[in-house]
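Attaching a single structure in structure tokens format; questions to follow.
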Amino acid sequence: MRRQFPLALCFIAGLFMAVQYFIPHPTVQDMYERLLIWLQTLLAFAFLLGTVSLVRVHYHKIRHRADDRGYSLVTLLALCLMIGLGFFHSAHHAQGSPFDRMFQNVQVPIEATMFSLLAFYVASAAFRAFRARTLESTLLLVAACIVMLGRVPIGDMIHSSIPVATRWILEVPNLAAKRGIMIGVGLGMMATSLKIILGIERAWMGGGD
Amino acid sequence: MATIIWTTIGAILTLSVYSFLYKDNPFYKFAEHLVVGISAGYYLVIYYFNFIQPNVVAPVFLLRIGNEAIGLGSSMWWLALIPGILGLLLYTRFFPKFGWVGRWSLGIYVGGYAGLGLSPIMQARVLNQIGANALPLTSITNVFLIVGLLGTLTYFFFSMKHKGVLGVLARVGIVFLMVGFGASFGYTVMSRVSLLIGRVSFLLHDWLHLI
Amino acid sequence: MRRVFHILLVLLALIAPAAGSLEALEATPIIEETEPVLLDVVPPGPPCSLTVRDYLENSDFGDKIEIEWGLSPDDGSGACDVTGYILSRALAEGEVGEVLDEISSGVTRYIDESVEPGVEYYYNLVSHDGTSPSGRVWAGPTAGRANLFQWSRFSVLVLMVVFFAMVARFTAVAGKGAKLFVRRIPGLNAIEEAVGRATEMGRPVLYVPGIGEIDNIMTIASLNILSHVAKITARYDTPLIVPTARAVVMSAAEEVVKQAYTEVGNPDAYNPDNIRYLSDAQFAFAGAVNGIMLREKPAANLYMGAFWAESLLLAETGFEAGAIQVAGTAMVSQLPFFVTACDFTLMGEELYAASAYLSREPKLLGGLKGSDWMKVVSIALIAAGIIARAVGLESFVAWFQTQ
Amino acid sequence: MNIFERFMNIDRRWIFLAIGIAVVIPFFFPLGLPISVTEPVQNLYDALDAIPPNGQPLLLAIDYAPATLPELEPMSLALLRHAFRNDVNVAVLTLHPAGYGLAERALNKVAEEMGQVYGEDYCFLGFRPGISAVILGMGVNIVNVFPEDAYGTPLNDIPMMDGIRNYDDIPLLISLAGWGAAEAWVLYAHQPYGQRVGAGVTAVMATDFYPFLDTGQLIGLLGGMRGAAEYEELIDHPDEGVRGMDSQSSVHILIIALIVLGNIAYFGARRKRRQMEREAA
């Protein structure tokens, strides 16, 4: 029951989902429809599980008086605030409600800005770390510079051949290379899925008995 | 007025994150931890009202699936309960004694998703790509595409030593890969710069109304 | 006479829409009364045959019925005035039922995609010349039957079975202890050289296993490589620092390193303080690792596993600090940064290959070898496709490029 | 330490400052350089343009999260403007929970601007978790996945969704995403159901989608802010995307200059060092 049963369920669910693709019969397709809803539900519950874990981590930090417990408190209070606004405010998530305002004016700016930091880091790395030390990295950097120029309006102005070269890079060498990677990664994904279904790969079960 | 205040809050948080460029500081850390809590709360509420409520709670308590009402008399009403129960089983992991029960749900979940992906991946990522690359040898471009793909696949072939013809093909593969990565590099830089432009536009346009 | 008739027709065509718009303002029934005068009173010949059958060519859910008919003698020949056909469907014999569709002239086949599986339908068809319909031809009953196999996807099944058979076979063979050949990955030499140089310089080795979770296959591959690296550092007594971004990855890394030190016979050299959990937050983690690079000055930085945007920050600081850097990831979007800022990079599948090569684990080897030979099959299919296209066998490519 | 090494060791905060300046200046002194339209963008435009008005809806999946907002939101706005201008109905949904607020924000903005009526011209189905399960489920029947819209109205009571059962009734689907969602639509909507799929993705991902474009698995592609700018040009409604292009030009020039300078300094320093070593020997 502890190890074999979940493996069997995994095998049955996986096999059914794989095989139904080839069977248009309604009996199979009706079951398939139902199972799709189950999978969605499980994903939703698994997500909520993540929230519970988050609360546990920060609660422990506060209880054990970790150095940065003040920040953990910020996280937990923010979480409670959002849940409060979402569940107990009259118009819980319509546009313009406090719940939506918090999202649009707190979450959106912070997340959007975090990734824009990378523009600065790319620039500094461009100066200090991107080196054409080998034939490979030289090719890479030259192609990169052509594409960078070819995709901005000023590239068209400098020379009309730059956008043409950019297009060629994207549609020929880039296409061939990415197609190769796509096939390789696709095969890897399928092999992993197969091993999961067959119970060879069982990391998802975690440790213990 | 309310909008101005809210936009200012957004602007201050934006600047707090940028303060990280100077060095790590409490403002940045505050924003970082704040967003973890806010987003977790936001997602929780959205998950509940967009999915759990209409697709899980409503079918069980209001007894309908989609637009089809299913009364208690319907022979299938209990089926609507199963996904909810399986979902709740996942939470047994918080009780060490019954933690293993959660694996039943996990098994269906992991296996189901693994099975779903197989054929579409085979078709979309493998067969269609192979078919599209079986090109007539009538133009230089086609020859480039065929040789390029052949080289790339050879480079990622591990069952033989890269010697002789294989070695040459693998070298060709590397050249194609590097030009391809160059394109990714250029595009990634473009991406990051766009994000910065978006934030600057927010500060100058939406907040300060300078432009 | 004929010309006058044509002029009247054209006039009618011009007036009709105008009449429609007038009608919207105020009904003017005058035009309608004149209509019958213009009718072509001779109806066209009816379609000469009508057959219906369950749609079979592309295996279906049972919701399709295929209808075929012979052209009316006045369609394309004879009076040549057939403008189209009207197809209707009914549930009982002899009834006209609902109009399904109007089909233009010259067409002889229609697929009704709106039937309920298993329900019997009767079809009837008339041809018309724009004014009067022909006699009706009838057919039926027939029902849509669900198929048990979708033949259009046959090629997918075949190639999938071939692939899975190879994966399963290689896994089984490796499990029995047979030696499967995997070529040595050049990146592994680079890792050993880097560790060697750190030993010479008496400085530590930094190993970052990415910021992926423990269930990420890149993280798992990384832990296998970590075990190899730990064995070398244990032998030379070189400090090994492993910063992690996930608590679970940290405990896994502890296990791996401790075991490696024990296996080599130098368990005393294992320092648990060097396996560190820094932060779950991406940039905070990158910042903390950069701090280690600047303070503890490792001579070799190894980045193996799942990396996102932080790759750039790590590689830049490491380069700046003058360390030898070897990276390995299957995150394609991060590879360019590693390639340009590191001395050597394991690209994509090379990471998994290195992990399988070192660990010799059957399940890793099985997947790797299966994928390998499937690539050979792919190349063969491309070659076959090129040849098939050259000799005009387009259908061969279409066979496996299906929906 | 020779001159090259000293040059390379400047505090990187000076570089940060230079980037900041390069972004800000074009906002105040725009050049307004012309933006040429590339094929993948034109193809998406043509596909949307060919949808008959007031009939079967365009399905727009706003799957992005705040982190990629500046690249993808201009696409949403441009696509919605194009659809509404042509009287094409639009049904919006999202596979990312954060997409909920972002979809609403884009949709309400454009709908208000162009006087569209909820339920008749557009509707918002909301968010569903499960990616592949959601996409495949919609192939069978959209009502299975979305029994009601985001505001609790049963789908069958929404006039524009009348007679819309599954992908057979959707002439075009466009996914805007900064993560795997766009590929998931190709894999699970195009591959099994033949749905015509277009995508708008971040520039980071754009190059990886060229194999799908080549095979027609994707009928069109908008890559990053530049893709949005091209679309804005096509619909003759310049906005965020077009406005950002001058800054994009200046920063790209700066970064290329930094790469070239950095390499000159690096190789210069290396040659100098070797020279000195040789002299010492």
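First chain written, first letter: the chains are A, B, C and D, and each begins at residue 1.
We take it that a contact is a pair of C-beta atoms (placed from the backbone, for glycine too) under 8 Å apart; a residue touches a chain by one contact, two chains touch by 3 or more.
Source: prediction; values computed, not measured.
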| item | value |
| --- | --- |
| Which of C-D and A-B has more C-beta pairs touching across its chains | A-B |
| Centre-of-Cα separation between subunit D and subunit C, whole angstrom | 20 |
| Chain centre separation in whole Å, for subunit B relative to subunit A (CA means) | 3 |
| Between subunit C and subunit A, distance of the C-alpha-averaged centres to the nearest whole Å | 17 |
| Residues within subunit B bordering two or more other chains | 20-21, 29, 32, 36, 39, 42-43, 46-47, 51, 55, 112-113, 116-126, 128-133, 149, 153, 156, 177-178, 180-185, 187-190, 193, 195-196, 198-199 |
| Residues within subunit A bordering two or more other chains | 21-22, 29, 37, 39-40, 43-44, 47, 93, 103-104, 107-112, 114-120, 122, 124, 126, 128-132, 136-137, 140-141, 144-145, 148, 151-152, 170, 174-175, 178-179, 181-185, 187, 190, 192, 194, 204 |
| Shared interface positions of subunit C, touching two or more other chains | 153, 156, 160, 163, 283, 332-333, 336-337, 339-340, 348-349, 374-375, 378, 401, 403 |
| Category of the chain touch graph - line, ring, star, complete, other | complete |
| In the complex, subunit C residues that touch subunit A | 59-62, 117, 146-150, 153, 156-157, 160, 163-164, 167-168, 171, 214-215, 217, 220, 282-283, 309, 312-313, 315-316, 319-320, 330, 332, 336-337, 339-341, 348-349, 352, 363, 366-367, 370-371, 374-375, 378 |
| Residue ranges of subunit D touching subunit C (in the complex, touch as defined) | 168, 191-192, 194, 204-205, 208, 215 |
| Subunit A to subunit D touching residues, read off their complex | 21, 29, 32-33, 36-37, 39-40, 43-44, 47, 93, 95, 100, 103-104, 107-112, 114-116, 119-120, 122-124, 126-132, 141, 145, 148-149, 151-157, 163, 167, 170-171, 174-175, 178-179, 181-182 |
| Of all residues in subunit A, those that touch subunit B in their complex | 1-2, 5-18, 21-22, 34-35, 37-52, 54, 68, 71-72, 74-83, 85-87, 92-93, 99, 101-120, 122, 126, 136-137, 139-148, 151-152, 169-170, 172-187, 189-190, 192-194, 196-197, 204-205, 208-209 |
| List of subunit B residues in touch with subunit A within their complex | 6-7, 9-11, 13-14, 16-18, 20-21, 29-49, 51-52, 55-56, 79, 82-84, 86-88, 90-91, 93-94, 99-100, 103-122, 124-126, 129-130, 132-133, 141, 144-145, 147-149, 151-153, 155-156, 173-190, 192-193, 195-196, 198-199, 202 |
